[in-house]
Amino acid sequence: MYFASDNSGPVLPEVMTALADANTGYAMPYGADPIMEQVRARVREIFEAPEAAVYLVSTGTAANSLALATLVPPYGTVFCSPVAHIHEDECNAPEFYSGGAKLTLVPGGDRMTPDSLRATIAKEETRGVHGPVRGPVSITQVTERGGVYSLDELSALTAVAKDFGLPVHLDGARFANALVALGCTPAEMTWKLGVDAVSFGGTKNGCMGVEAVVFFDPARAQEFELRRKRGAHLFSKHRYLSAQMAGYLTGNVWLDAARRANAACTRLADGLRAAGAGFLHEPQANMIFATFPRAAHRRLHEAGARYYLWDGTLDGADDEAVGCRLVCDWSATEANIDRFLELVRG
Amino acid sequence: MYFASDNSGPVLPEVMTALADANTGYAMPYGADPIMEQVRARVREIFEAPEAAVYLVSTGTAANSLALATLVPPYGTVFCSPVAHIHEDECNAPEFYSGGAKLTLVPGGDRMTPDSLRATIAKEETRGVHGPVRGPVSITQVTERGGVYSLDELSALTAVAKDFGLPVHLDGARFANALVALGCTPAEMTWKLGVDAVSFGGTKNGCMGVEAVVFFDPARAQEFELRRKRGAHLFSKHRYLSAQMAGYLTGNVWLDAARRANAACTRLADGLRAAGAGFLHEPQANMIFATFPRAAHRRLHEAGARYYLWDGTLDGADDEAVGCRLVCDWSATEANIDRFLELVRG
Amino acid sequence: MYFASDNSGPVLPEVMTALADANTGYAMPYGADPIMEQVRARVREIFEAPEAAVYLVSTGTAANSLALATLVPPYGTVFCSPVAHIHEDECNAPEFYSGGAKLTLVPGGDRMTPDSLRATIAKEETRGVHGPVRGPVSITQVTERGGVYSLDELSALTAVAKDFGLPVHLDGARFANALVALGCTPAEMTWKLGVDAVSFGGTKNGCMGVEAVVFFDPARAQEFELRRKRGAHLFSKHRYLSAQMAGYLTGNVWLDAARRANAACTRLADGLRAAGAGFLHEPQANMIFATFPRAAHRRLHEAGARYYLWDGTLDGADDEAVGCRLVCDWSATEANIDRFLELVRG
Amino acid sequence: MYFASDNSGPVLPEVMTALADANTGYAMPYGADPIMEQVRARVREIFEAPEAAVYLVSTGTAANSLALATLVPPYGTVFCSPVAHIHEDECNAPEFYSGGAKLTLVPGGDRMTPDSLRATIAKEETRGVHGPVRGPVSITQVTERGGVYSLDELSALTAVAKDFGLPVHLDGARFANALVALGCTPAEMTWKLGVDAVSFGGTKNGCMGVEAVVFFDPARAQEFELRRKRGAHLFSKHRYLSAQMAGYLTGNVWLDAARRANAACTRLADGLRAAGAGFLHEPQANMIFATFPRAAHRRLHEAGARYYLWDGTLDGADDEAVGCRLVCDWSATEANIDRFLELVRG
């Protein structure tokens, strides 16, 4: 019963097989391996973007930080949600990679609104060389609270960015989970709306440690490669990054994994709802922020269930509501979910 | 016949097995996995350093840059060979991670001499706030030209550093190759000589992408962890870094792999010598810098052999000597070596 | 009728005289001039801090950025008001000098409250290596909206910082204006309350371009000097920085200048109040944020008065209230103030 | 008898007068002062470059670091002499401002040769993303050893840079001294030869603390301004930087000051030569590197003469030659020079 994070589950068998298959003989290092050729072609196919520049790195923070560093000068600022991973969970990596740029937080929650975004960008307007120059808007999809922007919502945000001539970055650590939730294509969720660069997550959805960075305008390519190397994120035995992504993107492996995770989440959320739980945020992909009585948390805790208490502690009155974060990955089992729900019901 | 680099070979079967074994159920992320506990204990055992701080990263450049960044302030300088990997092959990563420190090159070749090191350090002495402050000495073992410092040579270098009160970093991308060449223990090659921090390579010797950073004084631990995270080098599914290192360090796996690589190199060097080749540097581990007639290079090239031309090109007179770099990894086969030698002999 | 900023007025005659007096013969460069000895002694005397480290730089942004860079690691964060100069008006200089640290904004206005500060610091607590480590609290006195924290208010803020073991920086670009407003001593407003480092402004109060950075614990001295040099802020002809500060701190020159500026501000504020103006913030030093009818702004504008429209524009209905910022420096004249008030009254 | 440096002398009376004249009433801050308009026009006139972008900063290190930071990316390298000020005397400021770029030292002395420069640049060619990308060539005129490149020599260096498509920066901390030594125009010494950016020194030649940065292609303007602000080098009371430069550039003030310094240097060098002194470098502007017996140094030392011992110490045999550096500024007097020479002769 592990629902602490989708970064803690096992690797998809298809990815393990691809790694084993890649492990024969010699291969050119540093991204010149033939598997990377396939990956590049496959990512371009998936995104319907035959010119896109495609790079692999091993962590989501690297993908975000390197993508943003190519989009913002050191004297600029990135617009994002106050709970964005790039702000809250990357220990200043975007500031580091950009050479000291700022993150300007768009007031609100995990889900930026066009009005709040517009007002925030507009406010940076009048300070000349005194304030930072306006840089990219970074949107997280799935949001940090388990929400999924609709295409209309995304479009409204990118429209604001475009009004100001700013590039758009999509932090897609859970790209596939959002995609299957929306039932749209990668192109529809990205460049067709004006997204310029995507952190296309693999790790949380069943890879070992690989993320693609996709630029729809390949003009940034050389700079990205140099920044990646300078950041120590260019793998010598790069074929093993390529192989992971190749296995992940074979057929519908990646989409099926996300569907399993989302379905597990729905099963869990439905069960919680039926058990009377409240929801801090509406679960739309593979994350749940639920509240239920402390007594239930205690039962779960004693039974070894793992998840984050989000709001409250184990100490206190039995019937007081305590919030938690529950994340399902592709390997979540119905058995574990049902056992979890049983413990919630008491 | 691939002798271009030891970063292009396959992964050791023991490492692949460890990865497969680790791929079950959930594990705590970000280095809190139980396998990391084993790795830490095993590295401490190998180094006879029960207090050492041990961290894993996925590239050698990350290991070097992060280790150096904890040892040098942004207004300092690192002393190293003019052909050190940190200077020539990391696209300013040490400068980036240190926040703009300098590398001061010690005149000479791949092998620093105590006199040249001392003179170089001394020269930085008199400039007060105008010059950078003196920072760590970084020694590469195996050197970039395939040499192995003897323990006496290392000791003479660390003694110079200690005379000036400077810390010592060892770039051990080929640590195991040096170790088996010298026939000494890890402790004898490091902290017993005054080495403070080691980049302990795994990738080139049969891992997929993992290097340990070892600090014999654990006081730097918290800062390193924060710098690693900020550099986007903290893996969420960290168990797969741990598993690689665990498989690599099981019993003598790592030493045997290095012995195979070094033995292959010896076989190749002996054969080249017998064929009349010259040597730009004396091969002491798993790298050869040899010269032999262009005609032989042409035969090799046509037969599909892969290696770097180091000095000269394929165009020109047949009997002119052309230099090359040949590297053997753990998977080099006698058959390939013998075929290579046959082509050299013509 | 220039009330746009106190950074646009002339230099005090005592400072000009000190510069002229210093302009004879040779003097040791880079801070080794004898006048700097006097300045150091005088600053220590004024602060009753015989051990304090004292440095001069030429801009307030340099003072703030360099002071903060010695107090926060690159993986840390600085706590400040959302309208702090270091956040809004320094084009990422603190991020640059710190190597990519973050500024965490304490919700509220120009005047931080202990509760908001405590809550903000507390929130950064639980993210381990994922979030930045907590760094200094930076307090601006006079605030960016013309307020002056009382000693009790300052004490409550520094107490919060100390509860978390964090250092405190005071941005005293208008230090003297605050001091004379409170009628306390420099020691009472700084180290006696737990302030660790002060940007002690000179420029806005009548110098040409000089600010002192004062550390009450001199342990940071060497690092500051290296950072200042690396930041290109160490003057070769340093005596001319020293001379400005020496002239400024002679007797009560600096306090009298601040008293003149504050008195001018009071005269202007009283007149505005009498004329029916509103106040966005209570003026407590030498800055006013007032609202009065657009028609009055138009009269002022046509008569050549200079100041910032803060809230609103010149276009619109005559009787609508429009906000403005008015700043008085030491050279503001009663004649100009009275003429300004006349134009407000119409 | 002060010959330690031209950064230790007094300020030209014309500059002091300009400062006093500027000290009246209010002036727009941050470079929008009317005097800056005049300075910009005057610099463009002097350089015959009506489109040039012209900025002022207060230190030579700021001029160099900011100019270079606009010309080199963080993953690039700057080519310069091993004794260049940017390498030896700026405490990593260029590395800091560029975000971690490297300086690649061109083997040789203070005077780069086209062959050595070409070989050094060529060597950086083949490492793809592994090495830094090639950035600007920085030439110091007057060199750090008192030499003045002829126009032909400069032209040969810029030609090498242009062959590789690299921009050229001129560190002209002693620009005027070189100019009067060569008897050419500013345009002939800069853009007509392919120089792209100049650090145009004022401080060493009689200003208080001001240097201009001149870009002949104004396209870099906005970025420079943002970098200057971010580096805390934008003065609020900017008129006092402008006034210094305006006074300095009035008529022939700046050229006359350099002529006086160079003439003093010639008188000193001639006297030394007559007294049997040797020369480590041929003095061509206002710096001398001479050797004469230790006994003479002792006499000078006891008489209070100030200069750097460059090669050797005061302790040792009387008749042993000891090297020294002697610099003349605009205020050097014949009386002091003659007294100095008398002491040398003993």
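Every chain is named by a letter (A, B, C and D) in the order it is written, and numbering of its residues begins at 1.
The rule we apply is simple: contacts are C-beta pairs under 8 Å (C-beta built on N, C-alpha and C of every residue); 3 or more make two chains touch, one makes a residue touch a chain.
All figures in this text were calculated on a predicted structure; none of them were measured in a lab.
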Joint neighbours of chain D and chain A, given as chain labels: B, C
Between A-B and B-D, the pair with more C-beta contacts: A-B
Chain centre separation (chain A, chain B; CA means) in Å: 34
Chain B and chain D: spacing of chain centres that average the CA atoms, whole Å: 42
Shared-contact residues (touching 2 or more other chains) in chain A: 74-75, 90-92, 96, 99-100, 129-130, 226, 229-230, 234
Chain contact graph, described as a line, ring, star, complete graph or other shape: complete
Interfacial residue positions of chain D with respect to chain C in the complex: 2, 4-5, 7-11, 16, 19-20, 23-29, 57-62, 65-66, 90-93, 96-97, 203-204, 208-209, 226, 229-237, 240-241, 306
Complex contact set, residues of chain C against chain B: 30, 73-75, 99-100, 129-130, 133, 223, 225-230, 234
Contact footprint of chain A on chain C as seen in their complex: 74-77, 88-92, 95-96, 98-103, 105, 127, 129-132
